[in-house]
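Multiple structures follow.
Shared chain: chain A. Partners: chain B in the first complex, chain C in the second.
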Partner chain A sequence: MKEKIITFLTEIRPEFDFSESSNFIEEGMLDSFDIVSLVASLDEEFEISIDGTEILPENFSSVEGIIQLLNKNGVTE
Partner chain B sequence: MIKINLIEYFESTVDQFPNKLAVVDGTSQLTFKELTQRAKLIATHIAKKSDAINSPVAIYLPKTNDAIASFLGTMYSGNCYTPLDTKNPAPRIEAILKALKPSCIITNNKFLANLQKCDLDVDIINLDELDGNEKVNESYNYKKCVDTDPAYILHTSGSTGVPKGVVISHLSIIDYINWVADTFDITENEKIGNQTPFIFDMSTLDIYLMIFRGATLYIIPEHKFIFPATLLDYINEHEINFIFWVPAVLVNIANLKLLDTNKIPTVKKVLFGGEVMPPKHLSYWIKSLERKIVYGNMYGPTEITGTCVYHIVDDSFNEDESLPIGIPCRNTDILVLNDKEELCKVGEQGELCVRGSSLALGYWNNFEKTNTVFVQNPLNKSVPERIYRTGDIVFLNEKGEYIYIGRKDFQIKLSGYRIDLGEIEHYILSVFDTINAGVFFDKAKEEIVLVYESETEIPVKDFRIKLMEVLSKHMIPTRYIKMDVLPKSTTGKIDRALLNKQINNI
Partner chain C sequence: MNLKFRNKKITGILTVLPENEVNFDDEIDNYDFSRAQSMKLKLIMGYGKRRVVKEGTAVSDLCIYGMNYLFDKGLLKKEDIDGIVLVTQSPDHFVPATSHIIQGKLGLKQDMMLLDINQACSGYPVGLNQAFMLLDQEEVNKVVLLNADMMSSKVSAKDRGSRPLTGDAASITIVEKDSNDSTIYGTINVDGTGAESLIIPAGGFKMPSTPETAKLQTDKNGNSRALDHLVMKGDDVFNFVQKQVPPMIDNLLSKANCDKDDVDYYLFHQPNKFMLKKLADKMGVPHDKMPHNVVENFGNASGVSVPTAITFNLADKLLTESFLVCIAGFGAGLSWASLLMKLEKLDFCEMIDYK
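The block that comes next holds the complex of A and B.
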């Protein structure tokens, strides 16, 4: 799952190393367009529907945050 | 006496509401009295650098109360302000400043270093070094100005790589804001939630409703727009009742169905503009919020100050039909001209042209570009009269409403950002000087596409890293297509029409 997430992030912003940062938002690595694309990719790949109320800074600041969000949505692998 | 300068409007509001909140940003808030003091201090420092009037002062600050104070300070000093995008890479800032030749640049500690990267010889005012207790000089040069003098210069994407500086006069803003305030019944009770960057003309409405009517301007922190649920919390926390946003933000909230759970009962007026509002998403807003809310579709390019044609959504709204751009604003006349420079009949498509006090003075330091779009009204054979040719194709329907069709040229709109594909192409070819390439727009996916000729594939990362140095993020292509050979026309130029068809599956 972790690798898939990093692949998606890298497709959206190839210029950044997402495995090295744990604060994507504060470091300006993702903006509103990027979050929209990322959520669409995650929804499609893991066949889930991330709720708008879950699109919060703490769930998208790091790869770990995204993993936890996916876990909450029933994705385990 | 009739007011002829934006500072006169501001002073009258300060007199009426000295202790009312004027501006609130992510870290501070200022009353009208405090805002005027800050502005006068800045004006005093501008005057120390130069006693000139009507010369541009560049404002290199993020969206903050200090940016607003700098705009007002510049106008107190009798000059015109130019907001610069702090997110722009250095070469674009340099290109703008070289064409603009400002008398000084206003910035702060945080952004000073970026300016020092540019190759410039201009005086800088660092707001962090100003002493709040300093005595201000009360003799302001704005009293020497006339209402047709410039108030600000906003830059829009230009096809040759150099952004065009659109010069807007005090008169045009006075004309526009009085119309907006009357039409949408704006008073000091308005709490305006600002979304658009100050480099966009849409922010003119937000800023000047505060200045003209004593409304409070809430400069919503940008990260709230990354996470729309937090944006709705912000609205509730500050009891925002008026918004004028780009459709992209409204669409995002609709797609996430956030209004199902997060109600925003204080919001009474929802205006949008800068790009086409999809009716399906608007329908979600209408169904989700209370019935009495006013929705306004605002159409107009930077060159006519703000809005020239508008549509207030009424009972005839149908989510299966595109939203009209509507009817002309007061003191604005619209001419739709066909190829023969004649007025189009009902239903006939033509170029939308504008007449009225809203017209910009022209493009700064660029008479050639000015004269190609600010032209003599072809219907007036008796006296000089300027119209602005928007390049937008529209038609008038049976109900007397204008309907937007598309562009005449290669300009696109992304989230309200006006982008000339030619500007992107110019920078790409200057960075990658060995490749042949064209830039296109995939309308369905709203994606900028780069098509390039090469024997080997160039990694996307290589493109993006280099383009980040010269282009704003929203201008960087997000799809890259390699072709062994690009299709060419008989003259050897890239066959754009063919590639455009392929990308858009026409």
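The block that comes next holds the complex of A and C.
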């Protein structure tokens, strides 16, 4: 799951190294449009629909945070 | 607030679209997206074609054009109109109210009530609720609800959040008394603490437009806007909608003692495709019951987006069939409102181009 997430993030913002960052939002690596793109990719890949109320920047600040969000939406490793 | 109405119905809906069409593909270079990101967002958000007015066209022009179309076709008689409710955020002038300009230019009777409401994306259910209230008066038998907005000129050409989605349009909805005993259920909610989530900071009496307010400033996301432009805090608005709309609909259906599955169509405001799909998923509503194709074909014209969704998706069906529909709008204010009602065998339900 982790590799898949990194792949999607890199597709969206190829100029950044997401494995080196501790907070994607604070470091300006993802904006709200990037999050929308990422959610669409994750929804399609894992055949889910991430709850709209959870599409908050703080849930997308790290790969671990995104994994937690996916777990919450029924995706397991 | 919960509302309830009896012996009233909608008898016709007309959408008036400006003839000028802008295509997202032709505007891509205006925005700070990579081409790949633009193409992906086009699919996700529904960026596509949008209708915008030509310079010099006013809200009253769109409304008068549509009203004259109905008079000429014999679908509406001037003498039958007892009231006009105009919902717009883009009035012709601060003074007088635009409804008065429309009444005067159309030569309508003086013995009538005119009401202008400043509401944005919740403007269709808010306007309908108000029109139904007017019909509670003994001498009021037919009210014309006009929804009209032309906010495209108030969105910066360099604002990738709002610009690719914003369109202009007007709609005319006829509401009148009826002998049927079915009940119409409505709700209206507001939260003024979110007033700055969607705002045009300058141009009113508090901050008049000056050369200073027309200067573009670039935000941290690369959007350039002036204080004269519409500012939308996209994250705040998205979360407000996802948080408030599903419980509003649950409450509405519960007041009506109606199951979610009993509703034939959920005709919601059309901010963008992504937001509507997320709403449908959260509410457990099949996507085909909640049309989300207005933005990609015409743009989001604020409160006009609901009647556009109706005339674009259900025009032929509504002339002969009957549907239980749930209407909802949500946006600036913040405000959110809804209606549960039957739409059946309308006298007209169509879209025309303004020329």
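Going forward, the second predicted complex is superposed on the first by the 77 of 77 C-alpha atoms of A that agree within 3 Å, B and C clash if a C-alpha of one lies under 4 Å from a C-alpha of the other, contacts with A are read in each partner's own complex, and residues count from 1 in each chain.
Everything that follows uses one rule, which is that contacts are C-beta pairs under 8 Å (C-beta built on N, C-alpha and C of every residue); 3 or more make two chains touch, one makes a residue touch a chain.
Since we're looking at a predicted model, the values are computed, not measured.
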Partner chain(s) touched by A:30 [first = chain B, second = chain C, both, neither]: first
Which of chain B and chain C A:52 touches, first, second, both or neither: both
Residues on chain A lying within both footprints (that of chain B and that of chain C): 31-33, 36, 51-53, 55-57
Touching residues (chain side chain C, partner chain A) in the complex: 33, 37, 40-41, 44-45, 160-161, 220-221, 234-235, 238-239, 241-243, 274-275, 277-279, 281-282
Complex contacts: residues of chain A adjacent to chain C: 12, 28, 31-33, 36-37, 40, 49, 51-53, 55-57
Residues of chain A touching chain B in the complex: 13-15, 25, 30-33, 35-36, 51-53, 55-57, 60
Contact footprint of chain A on chain B as seen in their complex: 223, 225-230, 249, 252-253, 256-258, 261-262, 415, 459-461, 464-465, 468, 473-474
